[in-house]
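Both complexes shown next keep chain A, but they swap its partner, so chain B is in the first and chain C is in the second.
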Partner chain A sequence: MAVTGVELSSARLQRNRRSGVLKRLMSDYGQEVVVFAAIITLFVVVTMINPRFVSANNLTSIFAGNAYIAVAAIGMSMVIITGNIDVSVGALIGVLATISGTLAVAGYPIWVAWFLPVLVGMAINAVIGVLVAYAKIPSIVVTLGALSILRGGLISVTGGTWISNLPPDFLIAQKRLLGVPVPLIAMVVLTLAAAAWMRYFAFGRSLYALGGNPEAAVASGIPAERRTVAVFIIHGFFAGLATILFATQLQVIQSTVPPNLELTIITAAVIGGASILGGSGTVVGSTLAAILFAAIGSALIFTNVSAYWFRAVIGLLILATVLADMLRRQRST
Partner chain B sequence: MADTPAFVTLSGISKAFAGVRVLKDVSFDVRPGEVHALLGENGAGKSTLIKILSGLYTPDTGTIIIDGKNVKFASPRDATAAGIATVYQELLLFPELSVAENVFLGNYPRTSMGIIDWAEVRSRTRELLDSLDTHDLDVDDKVLSLSVAQRQRVEIAKALSKNARVLIMDEPTASLVEADVRRLMDIVRQLRARGVGIIYVSHRMSEIFALADRVTVLRDGAFVATRDVGDVDEAGLVALMVGRSIESLFPKLDVPIGETVLEVKNLNHGRHVRDISFGLRKGEVLGVAGLVGSGRTELALTLFGMTPATSGEILLDGRPVSIRSPLQARDLGIAYVPEDRGLQGLVKPMTIRKNVTMATLEKVSSGMFLRAREEASRAMAAVKRLGIRCRNIDQPVAQLSGGNQQKVVIAKWLQTNPRILILDEPTRGVDVGAKSEIHLVMGELVKQGVAILMISSELPEVLGMSDRVLVMSDGRITDVLDRAEATPERVGAAMTAPRSAEAA
Partner chain C sequence: MTLRSFIRHETLLALLLALVLVVLSLQSDKFLTVQNLLNQGRLMTETGLIAIAMTFVIATGGIDLSVGSILGLSAILTGVFWQNVGLPLSVTAVAAIAVGTIAGLVNGIIITRFKVPPLIATLATLALYRGLAEGISQARSVRGYPEWFYVLGQGSVLGVPTQLWILLLAAVTASILLAYTRYGRTVYVIGSNEVTARFSGLSVEGTKLALYTASGFTAAVAAVIFVSRVSTTRSDMGTGIELDAITAVVLGGTSIFGGRGTVLGTVIGLCLIQALKNGLLLAGVKGDGTIMLIGAVLILAILASNLFERSGPR
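What follows is the complex of A and B.
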């Protein structure tokens, strides 16, 4: 059947297994390797300056305290991979946390207080997804609108008050399972599950195709509208799970979520390798980036550098990452 | 007029892109006060020649002489300064700006204070428009509110505002309705009378005979002839344009032709698919010929569900079907290899493996789970079958040559085991070797009973590969020819058929 004289052996067409492990890692997981290396470097350098940095307590707070950002960044990565963006997720987490705390204080079963907000998050994002996919409104516009509605609505309803007297059983993020903090377990399990979903399932593949070239994806029979709605709903699901970790980590729930939370989550996805142009990125990368943020924040404290530098450092990281992405694209074409 | 010295003379112009020669030793000149038509098939090199003359490309060899002086254009600005202006097919105006703002954009007259003299801008724009008998346009109208024909007049006014002595018009009537075409032709005659030299690119024979003083024909990037229009007739020009013998390059297999699989009745979509009816049979290669804008690609897009038909019937095996999306088309056994593989065919950063299986993800999945081994073996089989030259199946397709990229797109669609394969420009931008490999694959497919609808701008390919040829012009089928009767002259004549009776 071959139409050429050139004989192509199967062995040659499979990737050459003898080529360097590092080279293969870099070609498949370039950004993840870079972020991982950055984390290791940071740990080594900061520990040399202040050995208490690697104490068990501090490591726990680094990994567990920011786990909700990593979990939210999983869904954000998927949204960005399809070539969309969501700037409303921080406000959404604020709304969901308030719903969750209100339910818990009102005496509803704990699991209702945890999981009803997840469903609400999925429903809100389903509406966003429909507006993006079917009404063809750019996702930045839809989610900017959603951001204002959610944030404004939350402050109007709560008047900015805090929810306290949360039942102890509700505070799952403070618990440990076999000695490991629950947020850490959730982060690892969800990241691995989502990574497998993106890599080994047809659904994940179609998201990369849609982000890489929507026209070609549609021409290949991939239902772009349905996939877009689905990816926003999945993103709402992860935002809901992130809310559980966020709402249960302290004794109180503030109706003012950390400012710029959505930007932190987007940044984690981008530094983790999700190209803002769509088509590439992984959830492992975004989780590693979330860990890197937490480590940088902590490192600044342990080295007595003003916390105000945190934003500046993150900003530099964003620019460096995007620049590296551009250079890599240029080289590969 | 024939003894007027030329204003611009190009001689021995050659140009290559990435080693592919698109212009070979072409010579061309234009005199003041003449309309010089430039004629050739798609890909003959007209656009490249125009772009060299307007300073967008620099030629690899050859000289440009203006007013007896040797010049080199480093940029379009140089060409403009030398008196050459171009009205492109896709008009380059700013829709949010007014007519006057567009006309003088980039060289606004200034007051003594150095600020823009808007009164002067508006009055000079008015004068220019009046000189084109365009009294119905207000200089303050925003361009976005104008029709295509009006925008074109703004472009012409813009060219004149720069004191153009040569005006290049690239297919100026391609998107105009009949009344506007007549008006444009009046303007062209008027400019000629003022001593402007006009280079007029068009496929339409009637316009060339009505307007041009001389005509130059290009073919495959080479100069064929320059003639006075009085010395040639339409048949002669078509022969010059397409008249090469069809080499044995096209290995058409004679395959028994079976029953009709696809039947199309009175299909319509927009202005480019009008009342199309035809049948396609098992084992048949049905070639579709037509110029750019004739509706060839639009027909394919409608059959494939990208731009669903607004009326008419599509029958598969005699049963009427509704095709509203590519997904439905695929599930009905229709495959479409698009005209622009970069736009609709490939996800370039993704690997060969992932592109090959993109239209058949469910075939390489168990439930929702992708079977990596099945996927790899399919991709490897496709690479071997089509002779895709690559390092391995995990190489991003962006790194492949045009021919190998095209083979990846074809491989993707062969994964669906289509019964009907629509190939839109299957060998455009593909080297000769890959081209004949693609033709061989087509032969294998028809032997297996696949029905192929092949759209091509390259007439020899259409004539060489097809069992029947369907010719389109202006959104309609103007002729259907059997292989035996499909001569370059007949196909060429049907391609350039005058506008349909309804439009005239």
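What follows is the complex of A and C.
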């Protein structure tokens, strides 16, 4: 695994040496450009079939209704870029949403109901990070265990009941700021901030180094264990923010999250270009991928294709993206 | 270094299983009865078959997340071929198993020919195969199978549930294959160091291709048993079973980085999980509490085995 990681990052370096703006754009942001092009193509084709696809209502539901997936995928991308994985994030969002709703209904100040779950998310992920970094348990194993614990805990605490009677002020995801839905603003701001942080700050850069070549990263003075814990805490932070958007978009909070939410989030990160081998990927890509998913789901409805085909389409899409990426890498080496 | 650590982890696990059995039988007198234990064996067969193939896959350093979806697809095809196409049920079961095997083969091709990491490849096909199951069935279930079909999932042979014989056969065959054959040794070498395996002239690609195909095959067989056990076909069958199987395999001492693991360990891990599920249920703990406990056991078991070995993976 480590060997391939080194090979891939050296391939990336070689590509970066090539000249030409378009070529550089394609080699640095190849995946992002591909996903963006796919979104544009989809919008053009579906709008020709059914113009109501680009109605304001539908655009709002595409962009705002799925913003929480994009926000959660930001943290997931960072985890994947450092060569780890987290399959427990879906269950975590469910647990945090329940905490948030319970606080809101119990009459705590709204901001407590919003932000206490964020802290809880960071704390839970700190434990996961410590188990991965210091106890040296592979992240897939730790988060698989955490998935069971969180999911079981959620059902046994709530007993499957829904939380209703949420205070109107609590429902931030339904609000607009200057006419723009709040989730959309949150998605764009968080994505750009995280992207800039990962590209221009030493801490952000060190994540790529850790994922690309852990030995070299440690040799150059990066504290690998502490960074790994930090990445999981940051991931918990974004999962917490995603929870705010998720929990406040409806009048009720269900005791379950959409099935396979963690896989949707991982898939968004991966389609967006985060290499599961670690060392590459950007959060702009993962957000674009989350938008693409939402658009495909909506497109099926507007073109009268049964929504039951949604996952088959997503599966084909992931395969096509991954195969294209692999072929591109093989050609450039 | 390796053989001793195998024995140690499995002995530890077997002791844990014995302890759990004793404690649980004290909690409820319904637990340690032949009838109950056989019934539990019936319930764990589907996960068990998948976990046995998964042991090989994980021992090479790979993973197969698509097994639950292959199970769903094969289950749906069993029903659809029979009810909508009108083929005899015996033919449709075989056809469904064939499709599941091909689904596994496709995984293998994507992983070996295109060098896509197994986690990503099978994550993609997890969505694809489940999507096909949902699309083909349009979320309609199929029921009313002929009586003879239920022998597989609900009947008994010589007093033991039919499918438990299949699991036993699979476990023994796989055990011998992994421990005593050239093929088994190849699996371990690929898992410890794939480059070495390639330079040693071992067929790395061929071995992997066969493994993922076998994984699809066992998932499809599990699908037919599942349909026969619950008398109905739904497109969401087997959702999340990949996580159960992986938990059993990892709990059984197979290293997630490959190169280490035995079928016996997986079977003990499987029994431990099933015993906990059932015993706690009988002792009055709700199912959700049990799920939590299994998660904690998984993490603690790996933590303990890492501490004992000192030299943890990586």
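As a convention for this text, the second predicted complex is superposed on the first by the 311 of 333 C-alpha atoms of A that agree within 3 Å, B and C clash if a C-alpha of one lies under 4 Å from a C-alpha of the other, contacts with A are read in each partner's own complex, and residues count from 1 in each chain.
As a working rule, contacts are C-beta pairs under 8 Å (C-beta built on N, C-alpha and C of every residue); 3 or more make two chains touch, one makes a residue touch a chain.
Bear in mind the structure is a predicted one, so any value in this text is a computation, not a measurement.
Visitor: Which partner, chain B or chain C, touches the larger number of chain A residues?
Guide: Touching more of chain A: C.
Visitor: Let me test your reading of the model: by the given contact rule, A:I85 touches which partner, first (chain B), second (chain C), both or neither?
Guide: A:I85: touches chain C, not chain B.
Visitor: Looking at A:G221 after the superposition, I want to know if it touches chain B, chain C, both of them or none. Which is it: first, second, both, neither?
Guide: first
Visitor: Touching A:K136, do we find chain B (first), chain C (second), both, or neither?
Guide: second
Visitor: After the superposition on A, what does A:R311 contact: first (chain B), second (chain C), both or neither?
Guide: After superposing on A, A:R311 lies in contact with chain C but is clear of chain B.
Visitor: Which partner chains sit in contact with A:S164 here, chain B, chain C, both or neither? Use first/second/both/neither.
Guide: neither
Visitor: Does chain B (first) or chain C (second) touch A:V322, or do both, or does neither?
Guide: In the superposed model, A:V322 contacts chain C only, not chain B.
Visitor: Check chain A for residues that touch chain B in one structure and chain C in the other, and list them.
Guide: Residues 1, 3, which sit in both footprints.
Visitor: Quick one: which bits of chain C touch chain A in the complex? Just the residue numbers, please.
Guide: Residue list for chain C touching chain A: 61, 63, 110, 114-117, 119-121, 123-132, 134-135, 137-139, 195, 235, 239, 243, 246-247, 250, 256-257, 286, 288-296, 298-299, 302-303, 306, 312-314.
Visitor: Touching residues of chain A toward chain B in the complex: what are they?
Guide: For this pair, the touching residues of chain A are 1-4, 6, 8, 10, 12-16, 200-203, 205-206, 208-209, 212-213, 215-223, 279-280, 329, 332-333.
Visitor: Mind pulling up the chain B residues that touch chain A in the complex?
Guide: Counting only chain B, the residues touching chain A are 304, 306, 325-327, 329-331, 336, 338, 343-350, 354, 358-359, 361-362, 364-365, 368-370, 372, 376, 380, 383-387, 389-390, 392-394, 396, 398-399, 412, 437, 440-441, 444.
Visitor: Could you pull out which chain A residues touch chain C in their complex?
Guide: Interface residues on chain A, with respect to chain C: 1, 3, 85, 87, 131, 135-138, 140-142, 144-149, 151-156, 259-260, 263, 266-267, 270, 276-277, 306, 308-316, 318-319, 322-323, 326-327, 330.
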